[in-house]
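If you scroll down you'll find the structure; I have some questions about it.
Just so it is clear, A, B, C, D and E label the chains in written order, and each chain counts residues from 1 on its own.
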């Protein structure tokens, strides 16, 4: 379970986020959409505990994982080490997860030898392998083709069902949100506020 | 007036500069028919660079250096300047009475393993008591001021330093165990042989013999004045940086005692000393020369 | 500014404490001995010509060495083939002792100011080259690709792509460089000049005047602190502006 | 390897040419004078104890200075508040002349090996600190965020996140460091040790034996070339492996 | 007009691209799709003249512009300078183009102060401002919301109509390809080959 009671988040003089209260239970997926520059990544970084310079209270569980909007790999570590080192997963588990995101055979590559979509999938494997309590996904499937996205959506759904983390997903893709989210919200405005889509909640809950 | 100029590179405030300052102050250079220019340097290595690089006509150093240079084919000549030598000092409260008491102890030596005082003392100890200082003691070579300090603090049990440090060591509570001139005498060497001198290039001596003679004349005149005229020394006081009266007195006495007798250097005595040094110092000291090469000393 | 002064004050206090502890003003003079000596030298003007001479040497050779070294470092970094040939030379020139370069410069060029500055610059150039080359090697390839697509000219690339990435290395090289150069200038002045802080400092050392040695050293330290505070730090901050925003 | 040797051969040829041009074997000896002298020293074994002594000093003080300087540099880079306090100290310690540190170490610690090594390390630490701090300042913030999300321990962060990014700065610092250290060791040996290449070199210099000076310098240059080729270059290449793939 | 006759492109031992022949006339838009890791970016980098280590012949016009898959901005230059410096465009023109991609008011920001979607749009403004002869777009609208993409598609179409560059567009989004491309091709296989969709060509040509 994660809960945030944010009163404001600013960068210097510009306030980006206004009042945001949210709470996600284990097994729930909160899907957040909103225009580019609204503050989705900012909010997700606060939830992940990366950005602590905000006004408000965050209560988040221990094991966290995040798929960043950029791949954020260690370019000096091989693909498999990029999965095992941060998460402490075994090489076997890492290799299996890499295979599940479609990267079998690329374990020994350096990140610089991957296409952007491949690098992003390494980030997905890293986030999924550690069985986190809190999973934060910042446009995890951008730069991927439709077929691959279909596979990954299924994989994500399976993993969520298995380990029941609290999930926060930011995405522009209606299809992704519709498939995964149990609740949906929209971040918009200046400073941005989070408006939960009550209807959606009912639908997903049914 | 168009007097020829002769440049001497010397340590600013060093003992050589006392003499050079006296020459200039009393116009002894003009009296001898030249203008003395002084190039202040910050150390002996700098003086050597100045001479070798042609920026100075003369520097003050020892004639072993000249001998070695001549042996390697570089034409330098030597004009006597001083016969002052240092000594070996121990602390007043030291238990060391004889050189042999230094067995297994530490000696601090200024000027390195080729320092003339050290070599003479080694030869002397070897001859006098079959005691090899180099083998029986531990040597620490270092810059003169550091050796002085190491001697005072007792970090080394004995210190061998340049003569103008003698005064400071004595003033600070050390006593002389043996002076180098005593040791030299005991070895049958002539303590009158001046070790330090003005070193000039052979080319200058050949092309401007009058100028070189004039330097010798002015140097002698300055020595005479400093030997007899306390006021002349008193004038140098700020330059000498003596910390107290006792040090000042010791420095004056040391300088005066070092004034070599007029007249040419006794080449036979020098050759004897050189032969002994060649044995002790080896090729490091004398280079390829095995005997004193001819022409080191300028005829008076 | 205020913090820097406070921090220096703390340092001086620590020094005073240490020297009080050692209680040996001859060998471990404290600020109470050294600062008046320094002040004396400044107000009497005695130290100023030497300081000026040293500063001129440091400044000139710094400028020469930074310019040459940066150019060489960028060139070697961008041309790995040339670099593989010249790399051993860099090691050699970096390892030749300052004493050797200095003496040879004095002997071959003459005992003059040019030789002195050449000697210092020679000692410093390989170091700057090496540091900048290391920086060039890690330049971001994607920005180089961007510059290539948009056909940016060589000067524009240098100005907008290469130098900003080299900034931390340049700052390092400048700081390390000033410190190193001044250390070499000391030796250069010792071996063949008749003025300058290095000359004075060695004379004081010959006389075992540790207070004098420290006063001279401090004079230069003060100048360096001023240079750092007024020139290098603002430049470095400017170069890092985008990072801190 | 072959290229390095060829490149050194070219350098020796250039040197031979220069010395032939100057035609003054005493003041500008060529390789034909210096190399035999060096060879003589090696086969007779005369130079080896001095080389060993110098190497030990260089090695020890290098290890100490790199470890301390890297730790301090990382600490200051990561703690800007502490850094703002200690920055002026760095400038001061970087600017204090080697001669002063050396003399004070000899005076306070004693005329012994510990003092010598302490003096060298002291001269080098601020430089390494400075270089590493500059590197830490430009560490990628997104990787730090990643490490934070995944709760990587401090050691893992150091090993996998920080040090790889510092590699170019470490390589720079190591190379600059070796060169600087060896220059300082020379002075240290000159002022107060009784063996070592620096001691020999000054002895030869006293006798104005330029050939000897160069032979001694070359002995160390050779060792450094070997160190560079066998140790530093492979380490640097390993650290840059991912970049070249 | 750009033409490429590529016989092979390899990274070390792995051959990524096989035989690829393509030709794009001014005003044409070649839309390329294909799975993640197929070789789209590799091909685009070759066309842009960035990667010259390939076997084959490239003939490309002078003024080029590219939207990279990652933003690829100079972080030490302000947003507006990131547009003017590489392209030589006037500040006024740059500001106008920035406004057209929805970044009015952010000209004086540093790139690090932008959201990823905003940074990508700076890259788009940079590519569009210079009136290039060859325009290469590597998933230009990824990370953007649907509304914004609609605006940008319209903008792109306008600019192409005005200045008639040869355009190569790589994208996973069917909608983008359908809107912009006059010809379509698919890159797939190992090594990848480019298969032009003849049907599509006719449709777009009609």
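Convention: contacts are C-beta pairs under 8 Å (C-beta built on N, C-alpha and C of every residue); 3 or more make two chains touch, one makes a residue touch a chain.
Because the structure is predicted, anything quoted here is derived from the model rather than measured.
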{"item": "Taking each chain's C-alpha mean as its centre, the one farthest from chain A", "value": "B"}
{"item": "Chain C-chain D separation of Cα centroids, rounded to whole Å", "value": "16"}
{"item": "Cα-centroid distance, chain B relative to chain E, in whole angstrom", "value": "83"}
{"item": "Distance from chain E to chain C - Cα centre to Cα centre, in angstrom", "value": "47"}
{"item": "Touching two or more other chains - residue numbers and ranges from chain A", "value": "70, 113"}
{"item": "Multi-partner residues of chain B (each touching 2 or more other chains)", "value": "45, 52, 143, 145, 149"}
{"item": "Residues of chain D engaged with two or more neighbouring chains", "value": "27, 103, 107, 202, 205, 243, 245"}
{"item": "Each pair of chains that touches, named by its two labels", "value": "A-D, A-E, B-C, B-D, C-D, C-E"}
{"item": "Residues of chain A defined as touching chain D within the complex", "value": "45, 48-50, 62-66, 68, 70, 72, 74-77, 85-87, 110-113, 126, 130, 136"}
{"item": "Of all residues in chain C, those that touch chain E in their complex", "value": "142-143, 145-152, 156, 160-161, 164, 167, 239, 241-243, 245"}
{"item": "Touching residues on chain D, where the partner in the complex is chain B", "value": "26-27, 103, 106-107, 110-111, 190-194, 199, 202-203, 205-209"}
{"item": "Complex contact set, residues of chain B against chain C", "value": "11-14, 39-43, 45-46, 49-50, 52-55, 143-145, 148-149, 241"}
{"item": "Chain B residues touching chain D - in the complex, by the definition given at the top", "value": "44-45, 48, 52, 65, 68-69, 72-74, 108, 112-114, 139-143, 145-146, 149-150, 155-156, 284-285, 287"}
